[in-house]
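Residue numbering begins at 1 within each chain, and the chains themselves are lettered A, B, C and D in the order written.
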Amino acid sequence: MIAGMNEQEMAQRAAAEIRDGSYVNLGIGMPTLVLDFVPAGKTVFFHTENGLLGMGGFAPKGAAHPDLVDAGKQPVTCIKGASFFPSDISFAMMRGGHIDLAIMGAYQVSAKGDLANWTAPGMLPSIGGAMDIAAGTKKIIIMMSHTTKDGKPKLVRELTYPVTGYRCVSMIITNLCVLDVSEKGLVLKELAAGVSVQDVIDNTGALLVIPEKF
Amino acid sequence: MIAGMNEQEMAQRAAAEIRDGSYVNLGIGMPTLVLDFVPAGKTVFFHTENGLLGMGGFAPKGAAHPDLVDAGKQPVTCIKGASFFPSDISFAMMRGGHIDLAIMGAYQVSAKGDLANWTAPGMLPSIGGAMDIAAGTKKIIIMMSHTTKDGKPKLVRELTYPVTGYRCVSMIITNLCVLDVSEKGLVLKELAAGVSVQDVIDNTGALLVIPEKF
Amino acid sequence: MITKAFGDSLGAIHDVGDGAIIMFGGFGLAGIPQNLIRALYEKGTKDLTVISNNPGSRLGDHEYGLAILFKAGRVKKYIGSYPTATRSFKELYDAGKVGLDLVPQGTLAERIRAKGAGIGGFYVKTGAGTLLARDKETRLINGEEYILEQPLGADFAFVKAYKGDLYGNLVYQYTGANFNPLMAMAADITIAEVEELVEPGILDPNTIHTPGIFVQRILKGERYDRWYE
Amino acid sequence: MITKAFGDSLGAIHDVGDGAIIMFGGFGLAGIPQNLIRALYEKGTKDLTVISNNPGSRLGDHEYGLAILFKAGRVKKYIGSYPTATRSFKELYDAGKVGLDLVPQGTLAERIRAKGAGIGGFYVKTGAGTLLARDKETRLINGEEYILEQPLGADFAFVKAYKGDLYGNLVYQYTGANFNPLMAMAADITIAEVEELVEPGILDPNTIHTPGIFVQRILKGERYDRWYE
């Protein structure tokens, strides 16, 4: 088993994709680590689907308010210049194409950028805001382990898990590498330290486009 | 030409239909006179389509604010417990069936309660909120002169003017009488002082149901 | 002057009967009508259809909010976006004891708003081509697939606001708004609980989030748990 | 810290070109972006499509607001609900010099919101069976006739708020909100003028009506006419 990047390194890599002044939605779990890696001097407006633009970070102990939480139901803070709004407006931001970037997890991503991240066979299905994000966000980056816990590829030719959205993923950051989704398929962009092209190929269930530089 | 009620008397009659605690939309022009006749002790929330619940009345000279107007673009005041909101919410109140009563003018009303009040041949068409009110308000009362200026009936068997809404009018208050719209047609309910049943019949273009009491 | 105020939660829900369809505001534990939920539990009302983003919330080993109604077997059907929020729901669902109608969160919000706004249906891309669109009409709009979604209403909406007045005007705080203002528009009878109940005219009319026309009953909540340290 | 602030109205509209489709907030004279309208007039931009509830307003013998653009022949098409608000519009219309797309006011608001919210179309009863539904698809829903309405967007939205901050967050006053928050959501570029422009963090985040995500540019209006005595 190749280690590659740890979660913090993946979050840091994802954070590098965030432009100054942009509006960014972070999925529950690993993507929230991105909060810690926004470069100083950049103004980033973090959107939480439950009705906040300008999330600051997780609330310190003693400062938690029961009516101020993020999409993962964790108590959070807000920045100066934040705003609160109801769910219809929050999802208008996503569905209407106003959110610049969403960073989320996945069970599977296909070579075409199709996304599966809401349910699996035998699982109680839960959807939350995932399909709305997939339907409307300008750019979606997936942060995930390159394979499942038992070593099966999560990057596949065709999804076998139920679809969240079609052709919606732009970029994938895994512990092994960074990939772009293009018309030609998945394009290798960067390799994690200590990871070879062959490692990526061996752990990927779809054909890869490997640029000459590798 | 029979006089019957003047505009103030018609407004007073319309005001008597307003229930305590109800939400009422008043059309531009004559219906705004109703404001003066709400019985003391009744709490009535006047709705203006441009985004105010709890209009008080017309603003006294010197107290006009350019951003506080009614649907007729007149400067107004608001009562304690008023609220302001954007146009989508204002029309959700109407279209969604939340407004209890609308009092408006008309060019024609048919025996079935069809309403024409937005345009006429040769006129520059303007619609404003009339069709939205017709589509969603629980009860609509029309306040209008019984005939046109040249003596033609405005209560007709079938509309000849462009329709605002079908089967939406519940009651009609004219200078001559008060009528209910029922499944059987227009039912005479009250006569203005000095007006006979025959006067009403002579000036109406639709069959009338005349209860025995007349 | 009229008032929409009720003295307590049980009084405000006196006519909520078995089989009622009820919307509950809140996301996680933020903005949930916790006093009305407790009152409904005490009242023993059953065979409920519950519409809410999640069927209660889990914090550590405890479950809060709507979970008490589910655990007591009072709910026959749940309509929402995030049922995995509690373990109790999964147990009931796996045992076939509760129905589930899963709706993407944004579509849930928009369907509820549509009901309140008199919209007969609307098209969204959300979910097109997925399992959640199986029985839904589709339509190509500018070359992209959309699905037709229906308005969603209820007999009652239980909502929670930070402050309210006797006319039913409501003001929310932080992320406590979420589904509350939408549900207030979409039910036959909306019952609002607030932390502070004031006379009309105290709240600034420019800052009211839910105009009183959408609220039929209001009460000051008996007790507000804060859950977090 | 980023800022969306521009120094003046002319600067904020520098890239608004001939043939642009522009939404203008306001109802009557309440909440109109009067400085941006004046700047657009000064800039000389023509062949405009104007989306606004009314094409300006008449008070006594004078016409204000958008009327200056219409009178100067800069508008080729008007989309709105109340064209009779000015005499100048009627003259241009009767002379065949301006096109008119008449939309019921509530449908106008909802179509604009739909564009901003990514709704592909929606059904309303408003206007069903009338002249304004002539070319529209109809559908029976629960036995009643509904018509299909389309989202309505624009290249630019010119909006006016009472206060705003450098991130584009907006707060409206009284009936000054009207179409402004909806139009802010529906245009490629939204330009907001405000009476007071403040640093981020001054406005209470609970009272913001239009979150800054919907606003690309903001400026303090040069001059606010009050019109009424």
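Structural remarks
In the analysis below, a contact is a pair of C-beta atoms (placed from the backbone, for glycine too) under 8 Å apart; a residue touches a chain by one contact, two chains touch by 3 or more.
Here the structure is a predicted model, which is why all the values come from computation and not from measurement.
Path length between chain A and chain B in the chain contact graph, taken as the least number of steps between touching chains: 2. Taken together, chain B and chain C share the touching chains D. Counting C-beta pairs in contact across A-D and across B-D gives the higher total for B-D.
Separation between the centroids of chain A and chain D, computed from CA atoms only, is 36 Å.
Taking each chain's centre as the average of its CA atoms, chain A and chain C sit 28 Å apart. Computed centre separation for the pair chain C/chain D is 33 angstrom, with centres defined by C-alpha atoms. For chain B, residues that reach two or more other chains under the stated contact definition are 78, 84-85, 88, 91, 94-95, 135-136. Across the assembly, chain C contributes 110, 113, 117-119, 124-125, 172-174, 206 as residues in contact with two or more other chains.
If the chains shown are joined wherever they touch, the resulting network has some other arrangement, not a path, ring, star or complete graph. Counting only pairs that meet the touch rule, the chains in contact are A-C, A-D, B-C, B-D, C-D. Those residues of chain A lying in contact with chain C across their complex are 48-52, 59, 61-62, 64-69, 73, 75, 78, 84-88, 90-91, 94-95, 119, 124-132, 134-136, 162-166. On the side of chain D, the complex with chain C involves touching residues 110, 114, 117-125, 139, 141, 144, 146, 171-174, 206-207. Those residues of chain C whose C-beta lies close enough to touch chain B in the complex are 1-2, 113, 115-119, 165-167, 169, 185, 199-201, 205-206, 208, 211-214. By the touch criterion stated above, chain A contacts chain D in their complex at residues 20-21, 23, 43, 45, 47, 53-54, 78-85, 88-89, 91-99, 135-136.
Listing the residues of chain C that touch chain A in their complex gives 27-31, 53, 57, 81-85, 89-90, 93-94, 100, 102-110, 113, 124-132, 162, 172-182, 209, 224-229.
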